[in-house]
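The next part holds the structures, each set out as structure tokens.
Heads up, the next two complexes both have chain A, just with different partners, chain B and then chain C.
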Partner chain A sequence: MKHITKQEKEAWILSAPAILILILFLVIPFVSAFMFSFTNRMLIMGPDMDLKFIGFSNYGKLLTDPEFYNALKNNFVFAIVVVPVQTSLALLLAVLINHKMKGMNFFRTIFFSPVVITMVVVATIWALLFNPTASGYLNVMLSKMSFGLIKPLSWHHSADSSMLSIIILSIWQGVGFQMIIILAGLQYIPKELYEAAKIDGANKIEQFFYVTIPNLKNTLMFVIITTTIFAFKLFTQVMILTEGGPQGSTKTLVFLLYKEGFTKMKVGYASAIAVVFFVIVLGISLIQRKIMKED
Partner chain B sequence: MKNRLTQKLKKIVHYLVLLFFTYIFIFPLFFMIVSSLKGDEMQIIKDMSSLKAFIPYGEINFQNYIDVFERLDIARFLFNSVFITGVTISIGVIFNSMLAFALARMEFRFKKIILFAILALIIVPIESILIPMLLIVNKMDIINTYTVQIIPFVADAFSIFLFYQSFLDLPKALDEAAIVDGASYFKIYWKVALPLSKPVIVTALILNGLARWGDLIWPLMVTRGETYRPLTVAMQQFFTLRPIMWGDVFAFSVIITVPVLIMYLLFQKQFKESVASTGVKG
Partner chain C sequence: MLKRIIAVLISTMMIFSLVACGSGSNEQGASTEVNEEGKVVVNMWRHEGTPKESEYYNQLVEDFNSSQDSIELKVTSLPDATYMEQVNAAILSNDLPDLLDLDGPQMAGFANVGALTPIDSFISDTLKNDLLPSIIDQGTYEDGHIYALGQFESGLSFWANKSLLEEAGVRIPTLDSPWDTAEFYESLDKLKALDSVQYPLDIKLNYGTGYWIYSYLPFVASFGGDYFDSTDFSANGALNSDASIKAFEMVQEMAEKGYINGNQSTDDDFYGSKISALSLVGHWMYPTHTSEEGLGEDAILIPFPDFGKGVKTGSGSWAWSMTSAAKEHNVEDEVWTVLEYLLSESALAGIFEANGAIPSRVSVLDQIPEFQENGILYLYREQLEKGHAKVRPVTPVFGVIQSEVGEAAMNIIKGSDVLEELNKAVEEIDQTVEDNGYHGK
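Showing the complex of A and B:
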């Protein structure tokens, strides 16, 4: 007979609540998503419907669904623009703030403040700033700053510029988060490295490329990966600003998953989308681990 | 002499760039607040073509706020959001730290497997399991309740990981001394480990708090009608009404934003440290 020690008993009591919840709401749904993706499961099964194993046909349907490719494309376009732009901007802001000058704390507070503003609100504010007429705020400002060169845009009202609108407000809301992470990374770089570079005659720009960037590699990698994953989770701002339109130009994977699984109640099909979505996120995370390990 | 002049010039340019970004980050907020105070709907649209958008003038009053309170049960939505967020993150801190403590400081079977599973679960995005989660809560018959918006988010793998790391760092001598004195592990967890992990508690509260407060997709799927609806869903529904009354929309936006903004201004340092701590693990 195995004897359960007092310590073991106490450990299980401490562990049980969190483990039970994780199993019920994370592990089981995760396994179910895989299983459902091979079935014709609906959210509500009618009396004349049987739950059937249908092999890979959900995946087959997915691979011939133009909506799926469109969503995938939209996510990629979003990621390809947002990841480099947001990361560079976050780096720029962090470097600007990382000085012993007056008021830096003030600027940091301001730049970070959009992060605490709920995305639902951010999207509604920008909905008006993106007024499509020539007297809309952004159109007026862009026209003035370019001396009339930039013509008024239709922003989220047209398929050509709707993704651009989503991109702008997303960067505006999220860049402060990355800035703080990079700032923390900057503060870990030993001051002596800069002193040494200065003695070697490096100017500020050379110092940036030969000291800052190499020492910030891990932090930047982390920021790039998390931003990429965020890009594939894009949903809230789309739901508020465009509901996927116009003409599906802002439909994303998660949006499609929501529509198919919840609105159309096609659980099996939505699960196949979820599995593909998960595989993409997992792929990105694995690339991160590999790159991080090489150091 | 010339050197000092260029130094000064550099400083001025530096500040000008910072001020430019200050404008970028602050004007939408300013715009929201000022517009919410303008009683004339037409004026909000008209003012947009110039900097007047940021000047509180004309019919300045709280009419939009009064309208929103009359048109919607805002007090209820506000309570729902505060309640759901508050309860989730408070229970979350306890449950997550309890598990983390057992993993970090105690010996029991399957410990290694559990630890490995938790680390793996950090990668699983909630979006990929929403639909099966919906089926489960449907079966449990808890759709359209507070419970369905609280329980699934109480346990959080990343918070467990943060607590685990923090508990590992505590000196072993701490529990050995307590054990000799006859204290149980419960007591060590509650009286020693948890109080020494205040920074992690704050981090878990803030990160999960922001995520819960702003979540739209889950409450959209599991709430029907107004009784248990949080602010985000209420806002989303309100925003689909046509014609859009911008004054009202912005008054509503201010109501959602102000509680978090106040928390942020009061606990700035903690907010920034929480965010920074998400990056350090890499």
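Showing the complex of A and C:
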């Protein structure tokens, strides 16, 4: 039997508080959700109700509920647009400010500042910017820039453009974060590689594709996977801006979970949603990882 | 060595603080809270409401605290949008205040799970006889006990811009001679023809989904429909009845024809930009509408149209309840003292100034000129006294009915199929009744 060294013992003791917190706030709720998903648990159990084990019936109900598939679709649409667009934008911005010029710190701060504003505030302010009348800020701006060609849009008031509105404000808020991470990755690339490429006759664009991108692979993989996970967790913007509407066009999985669990008080059913959500996100992350490793 | 000791000490302290935080909230259950001066503390929660209401209540609490020596009243005001979620969370974590206000119909759900303490034994005969009957009805649960008393009843009707109506040549209706469906549409047409009017009716879509349970029920009832049958415990046959369908088809038509703004995000279409001549909103806008920056004397009340089954109006509003926490903290008497103060004639005289609501005591009503015949708010009183009020469903699933009806209504306004939306809502509501076993006692 292996003896635990003194160092290992110390390590366990020192990490005990963190492990305790993880257990309390991550493991226990996770296991509870898993367990409750097989029961008829309501948020506040009525006086005549008993907690019953009901097997897979919550899951059955979920997988035959059109609301679930609608939410899934919305999440996919959001992720498919946001992940490439936000990552590319972040990459572009990172490359732009990766110069040792005077004003760079200033721009870096500006691009990063939306990230530090809490999403609730961001969503509230964008709700005002997205005002659908002819005098709404964005509409006026678009109209002036196009000399009156672009007519006022309904933004988040119409089922066709509501998801687009949420996508816009989410990218605005999140791009700075990815940019900083990619910037760190960029600064790790040795200068010699660029010099060697220049000697070989590569221009700036070829340098970008043949030196920068391959060396950023791990960073980009991290950024893409985390952005995907965040995309599936979409909730705050929906809650504040559209309440899932119009006509369910912005209902996401987490929003559905909230409505079922807290407004309709069906904790058992909401737990089933949570478990399915976890499986989906885990699955996607694993697939993404596999794909990127194989390249 | 020293570093190790320090590290272990810090870890232990962190673990202890975590455990201490965790058990702190459970200690509240045992004893009466007393502050440093020896006064008994009563914790009260209220929903934020309008700025004027907040002003009123803050003043009330101050006055109460300075008027006596044995009780300290501590009030916490919470945002409207998430108020119910917070109260639900408080029930789960055993963290309820001693006294709180609830929207009338919410009382049923909370009484059902034992979160409230009945107050019948505290109510004096004088008080009981002076309160409006609808207040007593609203606060009485299936078991016959009174769990909530409101300081005010609600007034709901059309606010109208008198000059715009006169300019358009629209007849001003009265409760005895209301508009019928045809005249309602005619009036909307005439109003829309005016240059300054963009959307004749301001239906307050900016209030979100939660408003429809209250604002549109009178219309549905006037067509002969309902949201929920409280004796059957089902929405099927009520929310999706032909009459209800007709009522919702009407609101969809109003959006299509531009009588209402289907994308409304503004609050002041009626009293600020004045692009609307009618507003579907209640008593709480009285101070704003009649202010100088609003419409001043041009703001008048007119009854809803009679769509076939008579003029209907909304009823019920926020009411105060003593919670089970008050029992645990042994402060029932103190909480009643506060409640009595909230229902006192002096307090009720002030509520009117704050939100234009109908004070719940007849003795107070009689002293306010606005509520006498020819007073600007007489219609509110008249409607209630003559029995035009349609009470919202009193059932523990009220929250779900509110959320489903609201969502269906918003979708209908955007053009979704009326029958489909209403059936979807009915299914959700009935499923919740089923899941929770709310088939009544």
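Keep this in mind: the second predicted complex is superposed on the first by the 257 of 295 C-alpha atoms of A that agree within 3 Å, B and C clash if a C-alpha of one lies under 4 Å from a C-alpha of the other, contacts with A are read in each partner's own complex, and residues count from 1 in each chain.
The definition used in the following text is that a residue touches a chain if its C-beta (ideal position, glycine included) is under 8 Å from a C-beta of that chain, and two chains touch if they have at least 3 such contacts.
The structure presented is a predicted model; accordingly, all values stated were derived computationally and were not measured.
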item	value
Chain C versus chain B on the shared chain A, clash or fit after superposition	clash
Partner chain(s) touched by A:V223 [first = chain B, second = chain C, both, neither]	first
Which of chain B and chain C A:G248 touches, first, second, both or neither	second
Partner chain in contact with A:F111 - chain B first, chain C second, else both or neither	first
Which of chain B and chain C A:H157 touches, first, second, both or neither	second
Which of chain B and chain C A:K264 touches, first, second, both or neither	second
Which superposed partner A:N131 touches (first chain B, second chain C, both, neither)	both
Chain B versus chain C as contact partner of A:I180, first or second or both or neither	first
Which superposed partner A:M101 touches (first chain B, second chain C, both, neither)	first
In the superposition, chain B vs chain C on chain A residues touched	B
Touched partner set for A:M42, first chain B, second chain C, both or neither	second
Clashing chain B stretch [against chain C; choices 20-28, 164-172, 182-190 or 272-280]	182-190
Chain B and chain C footprints on chain A, overlapping residues	10, 13-14, 17, 21, 24, 43, 127, 131, 262
List of chain C residues in touch with chain A within their complex	4, 7-8, 11, 14-15, 18, 85, 88, 91-92, 112-114, 208-209, 262-263, 265, 396, 399-400, 403, 407, 410-411, 414-416, 428, 432, 435-438
Residues of chain A touching chain B in the complex	6-8, 10-15, 17-19, 21-22, 24-30, 32-33, 36, 43, 93, 96-97, 99, 101, 103, 107-122, 124-129, 131, 135-137, 140, 172, 176-177, 180-185, 218-219, 221-223, 226, 229, 233, 235-236, 239-240, 254, 257-258, 261-262, 267, 270-271, 274-275, 277-278, 281-282, 285, 288, 292
Residue ranges of chain A touching chain C (in the complex, touch as defined)	10, 13-14, 16-17, 20-21, 24, 40, 42-49, 127, 131-133, 154, 157-159, 243-248, 259, 262-266
In the complex with chain A, residue positions of chain B that touch it	11, 14-15, 17-18, 21-22, 24-26, 28-29, 31-32, 35, 44-46, 48-50, 53, 95-96, 98-99, 101-103, 106-109, 111, 114, 117-118, 121, 123-125, 127-136, 138, 151-155, 157, 160, 184-186, 189, 210, 213-214, 216-217, 220-221, 231-232, 235-236, 239, 246, 249-250, 253, 256-257, 260-261, 263-265, 268, 271-272, 275-276, 278-280, 282
